[in-house]
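Shared between the two complexes below is chain A, which has chain B as its partner in the first and chain C in the second.
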Partner chain A sequence: MENKNGSIGTVAKKSISSLSSFITTFIIIAVDVLLGYITYQLASMGYIPLTVVFIIIILLISAAFLIPKLSHLRWIAVGLSAWLLFSIFPILFTIYNAFTNYGDGHLISQTQAIEQITNQTYLPETGKAYEWVAYRSDDNDYLLWVKDNEGNTFIARPVESEGDTRIFDVVTGENGIGEIDDEGVPVTIEGYTRLNRILAATDQNLTNIKFGDPEKTIQVRSPSEAAELLPLYEYNPDDNTFTNQQTGKIYYDREGTWTARDGTQLIPGFTSVIGFDNFIEFATSPGLRGPLVTIVTWNFIFASMSLLLTFSLGLLISVIYGDPNFKGKKLLRSFLIIPYTIPSLITILIWRGMLNPNLGIVNRMLESVLGISPDWFNVSTLARIAILTVNTWLGYPYWMLVTSGALQSIPSDIYEAAEVDGATGFQRFWRITLPLLLVSVGPLMIASFIFNFNNFNLIYVFINGGPPIPTATTTAGYTDIIISYVYNLAFASGRGVQYGYASAISVVLFMLIAVMSLIQFRFTNMWEEVGENV
Partner chain B sequence: MSDQVIEKKTRTISQQRRLGLILRWVLAVVLIVFSIFPVIWIVSASIDPVNNLATQKLIPDNAGIQNFRELINNPIFPFFTWLWNSIKISVITTVLTLSLTTMAAFAFSRFRFKGRQELLKTILLVQSFPNLLAIVALFSISKQIGDVFAALGLNTHAGLILVYLGGAMGMNIWLMKGYMDTIPRDIDESAHVDGANDWQVFSKLILPLLRPILVVIGILSFIGTYGEFIIARTLLTKRELQTVMVGLQIYTSGQYTQNWGVFSAGALIAALPIMIIYLVLQDQIVGGLTAGAVKG
Partner chain C sequence: MKKRFILLAVILIASFVLGACAPEATPEPETEEPVVEETEELVEEPEETEEVVEPTEEVVEPSASIRIWADEQRAPVLSELAPDFLAEYGVELVVENISGIRDQFSVAAPAGEGPDIIILAHDQAAALVASGLVAPIDLGPKADEFVEEALNAFTYEGELYGMPYATENLGFFYNTDYVEEPPTTWDEVYSISEQLIADGTVQYGIVLAGTSYDAYPWMTSQGGYIFGTDENGDYDPTDVGVGSEGMIQFGEMALQWVEDGILSDNTDNTTAKSMFLNGDVAFFMNGPWELNNLREAGTPYAVAAFPDGGQPFMGVQGFMINAFSENILLAQAFLTEYVATQETMLKFYEVDPRVPAYIPALEAMDDPDLQAIAEAGANAQPMPAIPEMGKVWGDWGNALSFILNGEKTPEEAYTFAQEAIVAAISSDTTGMINLPGSWQSTVSDCEWDPACADTAMELGDDGLYYATFTIPAGDYEIKVAHDGGWDTNYGVDGVAGGDNITFTVEEEGEVQFIYDPETHVLEIVQD
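And now, the complex of A and B:
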């Protein structure tokens, strides 16, 4: 009896599992089709690196769900795909960008640049000609009736006009066309007035308007003639050149810009690999190197001082108030944790208001008590002091929480032994507490150093890295750290956006961070932890 | 005589104690003032009808809720739309982060497969690079995806959430795996013997035990996403799509000294949910912090 039930159960289970595997396969195929479509589109736009990433993601997901041997990958495939796309690929892409001229004038891919340049047209002085008649509406919309040499007629709207049909046949009753005269010209078109020869010849706009589709564009050449526009540049894929059809001039690809022998260039250019140029510029240009030395030095000072100040204040508080006999500990902690509970961006904005040199509450108080009014925003040293103060405010509760936990875990018999040996309180702190503490919170200190090393929010939001360094040729200030400098270089530089150059600095910063992180992992057992449980 | 000496000594010791206690309380008051002054000041500004940085007093005359009313009615700064965007984005990101990282951590903790160690080490190393540093790349990836599939591109919340998700994998997988390793594997082995498959072990056995770490990662992820502003600002350029942090930053980049009261009211409303989460759940959060998370 029981046996029977069991076998029925197994059969049911089996059919359920084959049904569910069928559904899984179906869903995976659907996902693959969607991703495949995106991948195909990306490839046709010329976004090759991203196409490759998408192919990897498709392979990963398909393998995980369709190959039983790799079924453990099901658990990580989706997360891993997101990680590949938005953690790994951006890093690789940044490294690639560092070797390109990606930036103003070179923002698009070669495929797109070719398409844009091929779309440029010119009005030939000879060639296929049309007779024409123009119509104008009260809102200054135009229509053009044309007839070619064989006697075919049609009407064209301007290229810029909305709607899909910009060229249509001359048929009474359609598109508001009224009666048609012997020549085939509509006498009236609803909403438009037919322009007579004189009106048309004197119309200011008419000769500037392009009529028809992008593929078949017609422009008025003279009072008697209209002509079809021709592509101005012809692309030759064999040697990657453009030839100007009007002048015969040839443009060669020079680091992402098609340039003629006389130096004239075609716009737009495209993103092109330029080797180590960004790094060389980084190392040799005095206008760039000058601020960079200031910025890197300050970056290290800022991160070290931030760590020292927040750690010291946090530790001081937990040592002074760690005493179990001290009443009101819980209450005090609740108050002191408050800076930590406010989203840091908001805190920074509040401090910016409070420290405003002319209007802020801090200077109003200093003014009335001490008669001084320090300019926190425009004097470099004061700005740096202000930033460190704000960061101390932001960061000490973290260390207060961490150190008070770590202090409790130091065994008390060590202190008793030290007391027996006659050590003073001071000695006990320096010789026992601090060394033991540093061992247990050391890794967190390195993490905090790295965090502050890249504390973009504070620097950028407080006074955007200011005050400006006068000798710098790029946007750079005395409180800028590398990451805020890079950001401004990429998005807000006075010299236009320079993604390639910004990426080159990012790569250098990546290497710095990698070294610091590896030191952190040495200190912790994280690295070893991986090896365990194998 | 010796009695007197002892008495004197105890008196000095107790006097010293008292002095120490007084000093401690004085210092405590100084620290408290230092910590909460900006908060008090912003609360005062938010109910001060003067709405001007220069003339704001600590105790405002004619306190009222004009500034809050202004927040609701300002069409150029749709504050509550921003707030809603932020909450929506943070909740979705948190839920997805939790599901993806928990499942990935389960695989890393329970299965032994080729490349497992290398993958874990790579994840750990990569997560220490701030994704802000690759902001140009993130921007162009979003743009390129948007060119072919607009629903995930620039100026979409879905696209932003994807970017956040990709950046959230590293540390969280690590924290979660560490916690899972402390759950003895005997538990799942005996379940396997009883005929349970991996999914059942995961969902019925392991998942309920993960509650504490899920809470920590959930809170930290929510707070981190809610407070993030630079990626949001780069990827979302339409005003009505932006998040509250971006909004507040925009608000103060203009004539903020004249609109200080309204900004304060907004800052207060935006900060309040996070402050409450922290104060109520501080013990759990402290646990997560010491495990290696740094506030972002």
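And now, the complex of A and C:
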């Protein structure tokens, strides 16, 4: 940068400029090395899409700092990287998932599934199962003492071991065998240590060692059993099929599950791309035909009423203590902010307890004073009122803070002029305060609306969407909003995990909200123009 | 200036060296992480490790380690085993207290980050088995030492996938201040409650802690059920009993009791608990997980079997092994040799009272409450571990809410719930009779596809299914499949899941298929 001023450059300046470019280079190298290291780690763990994102980020950052033409990107390179990583990548990943059957039964990759199925073994009819005890030498060589169900015992060496005799009888004095205990197990074998089952099992490799004759190998299968095992399924990579070695049955890949032609399936299945199936399932599910109209309507009512109530209450309070003659307003203000400082989750739970129809303080008081005991949780209208009350309690301090700041920014000479013109207090509020206030807090109101539109926490924690809608063919409640309803559809009540299906629903929801936001952006623009005119 | 330059040069060179080293240091990134976690775990439990390490006077270098995910009740017991296990076998136990084990495990295990062992309830485990995330367990001769029902609950397709350690079911709790002898029929419950309410002792006679699982023993005592069973005793998802007569009868009974002021109309779990703890009700149905709370609260209580032979659901808690673990054999050995002992099993039971599934521990159990809960669960039905159960909960539970708040009659509520559940379980292809086989490719794009719309059969007036196609000459194979899937299919001679039927078409022409849904025999008629 400083080089452009080279005509007046002094020696000192030049050295500073070379120093600064040096530091820049150094930082870029450091950052690239760090990111490169992360990329390498990700690639080695097999997270290919994420690796690609990191490579793009490295290129972006390096380009922004090294190519002079792109230097304007320097200031937002970090932001862009974060945007790619935390916003764009998850969105693309979700869209990808929406087209797969990722979920219960299809959680692992094809490679993992192939490995698991290939590892399945069976005991052929002529094969035998044995009890076993392992012995290990200092060089980590193993001997396996085995006993079949008829009581015959012998000792087997690994197939790879040197020498011809891989199987020998258990006789004291031969092959270094010492005393033999009641079970027929040698207590000592020279050069080897007898292992108990847990110690033997600490060697991860033990199950892979084949003992005995090459034609008839014995493998440790479990802590209590070793057996002459054969692999049960053979994988044919050419047409992606498995063949059962016992029955000859062939299993074909059908949307992530190897299925034989008689309908039997191999578990596990794997994640595979299934096209638009998830979307079709969602579009044709009884969930959509059901209570969606009720839920969407309530969703809009909930979001707008929440906004209206919190805004009005907050504004009312800030107008009241905005009066310079109001005594003790600092103290009052501190008290009124308290609901905002307590974590909302706790507040919701406290309200839930207070409104409990049998034990809650609200109903006890109502009952002793008015003799009524409204059932806040089971009557739809009451539940909706309750949830709006709680949300108003949670939200008004925010608007109190915002509006009290905004009120002070309204120039006082306008009010003076209005007073001269003989405007009443109400007129001043309605004609001056509110319009000017809306200009500055309009965008915040939209943000608040969108927040409440997706206010999953409140709905879910308060009464989990209840009370249930009697006519609904799917589980849905009167206070359910779209997001909580969809959550119930995809995950709740022990349904297991259906990431693919949930992703498809998210994509649909994303589009819905995107359209809504676009419309609201038009509103924002309108307000901005009003602001410019003022 | 020079000094600064040298400093920068040194840093730069260092960064290059680091950069060059970095890839070399990374070939085993996975192994690095467990080490970090192990040390963290050790730091978390300083008391226990100190206690044991001192007497042995030597620090044992672990030769291997087992990572376990357990919930907050089991984690402390397992951590307690760790020092002994390390001293005896040189194997370190890393116990992590995790909530929501199933969902976290289903993400972590395939990524190679999962623990070696997890603790889960059997109905949650079914999906993990289907996804291939857990490895079969061979208990060997130890299998005889476990309660048979508990083992069956963890058996899928003939393979055992979990080592059970406790069973849990609801029991019938009553307040011993008010009730001396536990009632054996619901009529007695009613009359005792009526008397207590008349005396002003209690507010209500009984309260429900929920509308589905928590009321199930009452429902079953009236003949209600969720899923019927097939000839093998497995749950049959096509036989839904939510709308059964017994269920409706229960609904009418509950409604009547609420109107009579015997049953509280509250079904909120927390409220129900506090009502019983405060002595506001005399009867209450809940599980062993509530025992510690009840004991702390000091409410005088006792547990009995359910009136009129009501059957609770039984859940089984057990250990499962990660199929992606590198220590499958070691994990198995740990479970069969170390956990499946009376000593360890009794420790679990002391910390968190549940009925042991390990027979020696069950016999040694001296807790009268648990013995009573075990008796209440003697006729228990295992919690259905089939995926269809997930679609039952919501509508099933809502039905009772509708009855109690007067929005629906019991019959309407349970019939409606039944229809909604059946609709949710079945899909578009329910009722479809199809003819999957090699022949399908000659008339459609399908082959061996039981959901192929082009080859579905049509129901005739005589109750038989018909389909006619023009098929070119050749040898073909065919089967009959119900409901667009392979779960119900018939082969030669109408045998369920039997061999493929073969047929030959000598020359291209019309072939008529006739299927009798009673005998399941498929008739193939050619001109």
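Heads up, the rule we're going with is that the second predicted complex is superposed on the first by the 291 of 534 C-alpha atoms of A that agree within 3 Å, B and C clash if a C-alpha of one lies under 4 Å from a C-alpha of the other, contacts with A are read in each partner's own complex, and residues count from 1 in each chain.
Rule of thumb we're sticking to: a contact is a pair of C-beta atoms (placed from the backbone, for glycine too) under 8 Å apart; a residue touches a chain by one contact, two chains touch by 3 or more.
Owing to the predicted nature of the structure, the values given are computational and were not obtained by experimental measurement.
Judged by the number of chain A residues each one touches, B leads among chain B and chain C. By the document's definition of touching, of the two partners only chain C reaches A:G269; chain B does not.
By the touch criterion stated above, A:V420 is placed in contact with neither chain B nor chain C. In the superposition on chain A, A:F26 contacts chain C only, with no contact to chain B.
Using the contact criterion defined above for the overlaid structures, shared-chain residue A:N356 touches chain B and also reaches chain C.
In the superposed pair of complexes, A:V369 makes contact with neither chain B nor chain C. Using the contact criterion defined above for the overlaid structures, shared-chain residue A:V293 touches neither chain B nor chain C, since it reaches no partner. Of the two partner chains placed by superposition, only chain B is touched by A:Y398; chain C is not.
Once the two complexes are overlaid on the shared chain, A:T207 sits against chain C while remaining clear of chain B.
Shared contact residues on chain A (touching chain B in one structure, chain C in the other): 41, 45, 356, 358-359. Only residues 1, 4, 8, 11-12, 15-16, 18-19, 22-23, 26-27, 29-30, 63-64, 89-91, 103, 106, 109-112, 123-124, 127, 129-133, 137-142, 157, 264, 266, 268, 271, 274-275, 323-324, 326-330, 332-334, 336-338, 387, 389-391, 393-395, 398, 401-402, 404-405, 407-408, 416, 419-420, 423-424, 428, 436-438, 448, 450, 477, 479, 481, 485-487, 489, 491, 497, 499-500 of chain C touch chain A when the two sit together in their complex. Interface residues of chain A, counted against chain C in their complex, comprise 15, 19, 22-23, 26, 29-30, 33, 36-37, 40-41, 44-45, 104-109, 112-113, 116, 196-202, 204, 206-207, 220-225, 252, 259, 261-265, 267-269, 284, 286, 356-359, 375, 377-379, 466-468, 470, 472-475, 488, 492-497.
Interface of chain B with chain A (complex): residues 21, 24, 27-28, 31-32, 34-36, 38-39, 41-42, 53-54, 56, 58, 100-101, 103-104, 106-109, 111-113, 117, 120-121, 123-138, 140-141, 144-145, 147-149, 162-163, 165-167, 169-170, 173-174, 178, 181, 223, 226-227, 229-230, 234, 245, 248-249, 252, 256-257, 260, 263-264, 267, 270-271, 274-275, 277-279, 282, 286, 289-290, 292, 294-296. Of all residues in chain A, those touching chain B in their complex are 38, 41-42, 45, 47, 50, 72-73, 75-76, 78-80, 82-91, 93-94, 97, 102, 317, 320-321, 326, 328, 332, 334-347, 349-354, 356, 358-361, 393, 397-398, 401-402, 405-406, 443-444, 447-448, 450-451, 454, 456-457, 460-461, 483, 486-487, 490-491, 499, 502-503, 506, 509-510, 513-514, 516-518, 520-521, 526-527, 529-531, 533-534.
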